[in-house]
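Okay, got some structures for you below.
Heads up, the next two complexes both have chain A, just with different partners, chain B and then chain C.
Our next item is the complex of A and B:
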């Protein structure tokens, strides 16, 4: 137990150390940082404008009203923001460190290889996503006049955390192909397009497509479920299901990762 | 006799490589049907290294030196064979092992490019769980020795190659590793930095009693630092022993450098020895050790000699000879 606590402390310190360095590193190029902020904000605005246009024609989409859909969008933005603040940039750029061989150094460090692989790089301009996400939550409560209970908020947070695990595990599995092929920047386009799916409710899809997006390519439901805690339409069963699924997919991804590094061929020097 | 720090037995590594014909047609063909070959990078090598030894790893490009070091570091999985470093199997990547060794790859960097080197050192302090006082003490000592105190707060991308390599070395030594792998640590450095680096490595090996394997293209590095060398060629170990014996064994000749007072035709020098360099007024010959005395006196008697110098061949030539000899 004591060892566990000291381990958690160790990794937290390491995370904040890396976060600080990334912050300094990003600010070393101030112009680029500001441009990235603008780019993220533009992307979010376009997504929101499109949504409001759709809702100007129809009252609800697959049972989701406009304020409810805003909660889903907000959940999706916050989910992405946390991802960018933690693992996402590192996993996206995994093929680069595999290509140039700097993965060598990660492999020799006395820390969890998965940890140092996942938390090396963080993109801080995505702070914009949190700001917009929170603003959307507020706007949605303003529109509907319904403010969720403390209980709902707690469940939402648990949901977002579990969703993060699923999101991470799935992305990790896609990117571990880097170890086999060395070049997998193309996978990033796949990941980007799948991202676009998670801001719409699972209920939009039916039959096989829904099954596919839920279990085979588990990206759509990861925002839907947490958002449902805020709209009050979620069930405990859903949360349990998500928890079980998150646990399984994480173990699977971890196994795939550690098996794949055996194929790592390093880069010659 | 203490137990060896490093034991390598029958270590092999085979890569599978696909071959592609040149041109667009070749690329398209490559997409559908691939011919894959296996290349043997390291072929059943075995050796022992005692604690505190500083051993030079020699071999031409692609001989398998770096691949071997990477297997000893747990970066690559071997195809077969056993390795024990400090009692650990490297590719199991046990924390206890990783805590006790370090690798410096001359052509890669572990320092954060956009941040001062000090940041990378601080990160390693966290990663290796180095206590504050020990960290400050080691950092002070290393930055003093390598004379990089004043650049610690400069972003790494603005450092010169020499400064950067010194910082790379510091990053690798902060946790006081017991085993150190140095892969081309002096590559690309100017003569002054190269000498500094060399002195530092020698002193560090002596004072800290760190077991070091060094690969370098610069024979001077190896000559200055290593008593023992291991030579790898085409993935196979072809020599393991003292550097002196190597030179004695393979350098069966001496170099005769003769200057003349008046021009001498190349044809006149036939039968005197193997001509390495020729100029009408100066010639460098390789002559067998057994006959160099008679040949020297022949020169004095029959040629307008101004000066004769008798030299040992340099290590570069010895090594080149070994590598150009056909493999048995």
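Our next item is the complex of A and C:
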């Protein structure tokens, strides 16, 4: 137990150390950093404009009203922000270190390979997502006139953390194909599409597509379910299901990652 | 001409080396298109309507956006940024070929491969949506072709301009991303522009981006556009000429200040 606590402390220190490095390197190009903030905000605005145009013609979509849909958007923006602040940027660029052989340097570090692969780079401009997400959350409550209870907030916070594990595990499994096929830059477009999918409830889909977006591409667990904790349409039982799924998919992703490394040839280094 | 053709062929070979990457691109674009398609299906199932569109043309619109996506991509803008930033562009400058002719040839090479590999996904989408091949016969292909060619040229110009901006700005990646997102919305990739409120449509008419996706596709589907056919072609051509002049100016200015720092 003592060893586990000291391990957690060590990795937390390492994370903040890496965060500091990333902060310094991003601020080396201040103009670019400010432009990146604008860029992220534009991206979120575009998504909201699309939603507003659709809702200007209809009262609800697949049973979700406009305020509820805004809430789902807000929840997914916050989920994305946490991802970009932690693992997303590193996983996004995994194919580059595999291609140029610099993955060797990660393998030689005296820390968990999965940790250093996932947390070596963070995109700090994505703080804009938190700002827009929180503002949107408040706006959706204002529109609907319904404020969640403490219990619902608690469920959402635990839910969003577990959803993060699912999101990470799924993305990791996608990007580990880099070890097999070397060039996987276009998988990033799949990940971008996943971001867009995350903003819509899985109730939008029917039949096989719904099954696909629940168990194969776990959109339900990443975004719909956590948002449902806030709308009050999911309970503790849902959280248990999410926890079970998160545990399973993380173990699977970890296994896939360490198995895939065996295909790494270090050819370009 | 033969050297440009060679760039085109090399680009096709390059794209075919990483076949899995193309497959992933198709998956990504298809997933994105599925959102629009399912939204339309749910809206019309609930008895509502989006603007003056009937369900089938709107579904067709999203499917055709998928085809356009394979041809109008932004990856090359980042490649140009990288070439300028790392100094690799020097390799081109010392060769007796025009950099942007080579870039256009390479772009078209990749686009050809992407489009061909997108065809099975399109056919699958048509089957899934119950759209028969005979419905394609009713599309206005001949009216579409001039708009499409101008739109494609404009798109290629814009991405080279965005890349070349790296000469004065050092790093223009964030700018490219902002532009890309803006063009997706104002070009009609996410939703047909005629669904926007009227005041927004007025603004969008004065921008060139609707010539890249919305206008060609609306013409293909026989849907109303912002401008009458021939005046629209004339305005699109003017935008293209303007973009070419801007590109030339940025290039000449950029080359003067370029230091070849890097590799």
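FYI, the second predicted complex is superposed on the first by the 264 of 269 C-alpha atoms of A that agree within 3 Å, B and C clash if a C-alpha of one lies under 4 Å from a C-alpha of the other, contacts with A are read in each partner's own complex, and residues count from 1 in each chain.
Criterion: a residue touches a chain if its C-beta (ideal position, glycine included) is under 8 Å from a C-beta of that chain, and two chains touch if they have at least 3 such contacts.
Note that this is a predicted model, so its numbers are computed, not measured.
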Contacts of A:21 with chain B and chain C, given as first, second, both or neither: first
Which of chain B and chain C A:29 touches, first, second, both or neither: both
Partner with the higher number of touched chain A residues, chain C or chain B: C
Which superposed partner A:110 touches (first chain B, second chain C, both, neither): first
Contacts of A:138 with chain B and chain C, given as first, second, both or neither: neither
Touching partner for A:197 - first (chain B), second (chain C), both, neither: second
Contacts of A:185 with chain B and chain C, given as first, second, both or neither: second
Set of chain A residues, in rising order, touched by both chain B and chain C: 29
Residues of chain B that touch chain A when the two form their complex: 15, 62, 66, 70, 73-77, 93, 95-96, 98-99, 101-103, 105-110, 112, 114-115, 119, 122-123, 126-129, 155, 183-184
List of chain A residues in touch with chain C within their complex: 29, 31-32, 35-36, 38-39, 42-43, 46, 49-50, 53-54, 56-58, 60-62, 125, 177, 181-187, 189-194, 196-197, 200, 204-205, 209, 217
Partner chain B, residues of chain A touching it in the complex: 10, 13-14, 17-18, 21, 24-25, 28-29, 100-102, 104-105, 107-111, 113, 116, 262, 264-269
Chain C - residues contacting chain A, complex: 17-18, 20-22, 24-25, 27-29, 31-32, 34-35, 38-39, 42-43, 46, 48-51, 75, 169-171, 173-175, 177-178, 181-182, 184-185, 190-191, 195-197
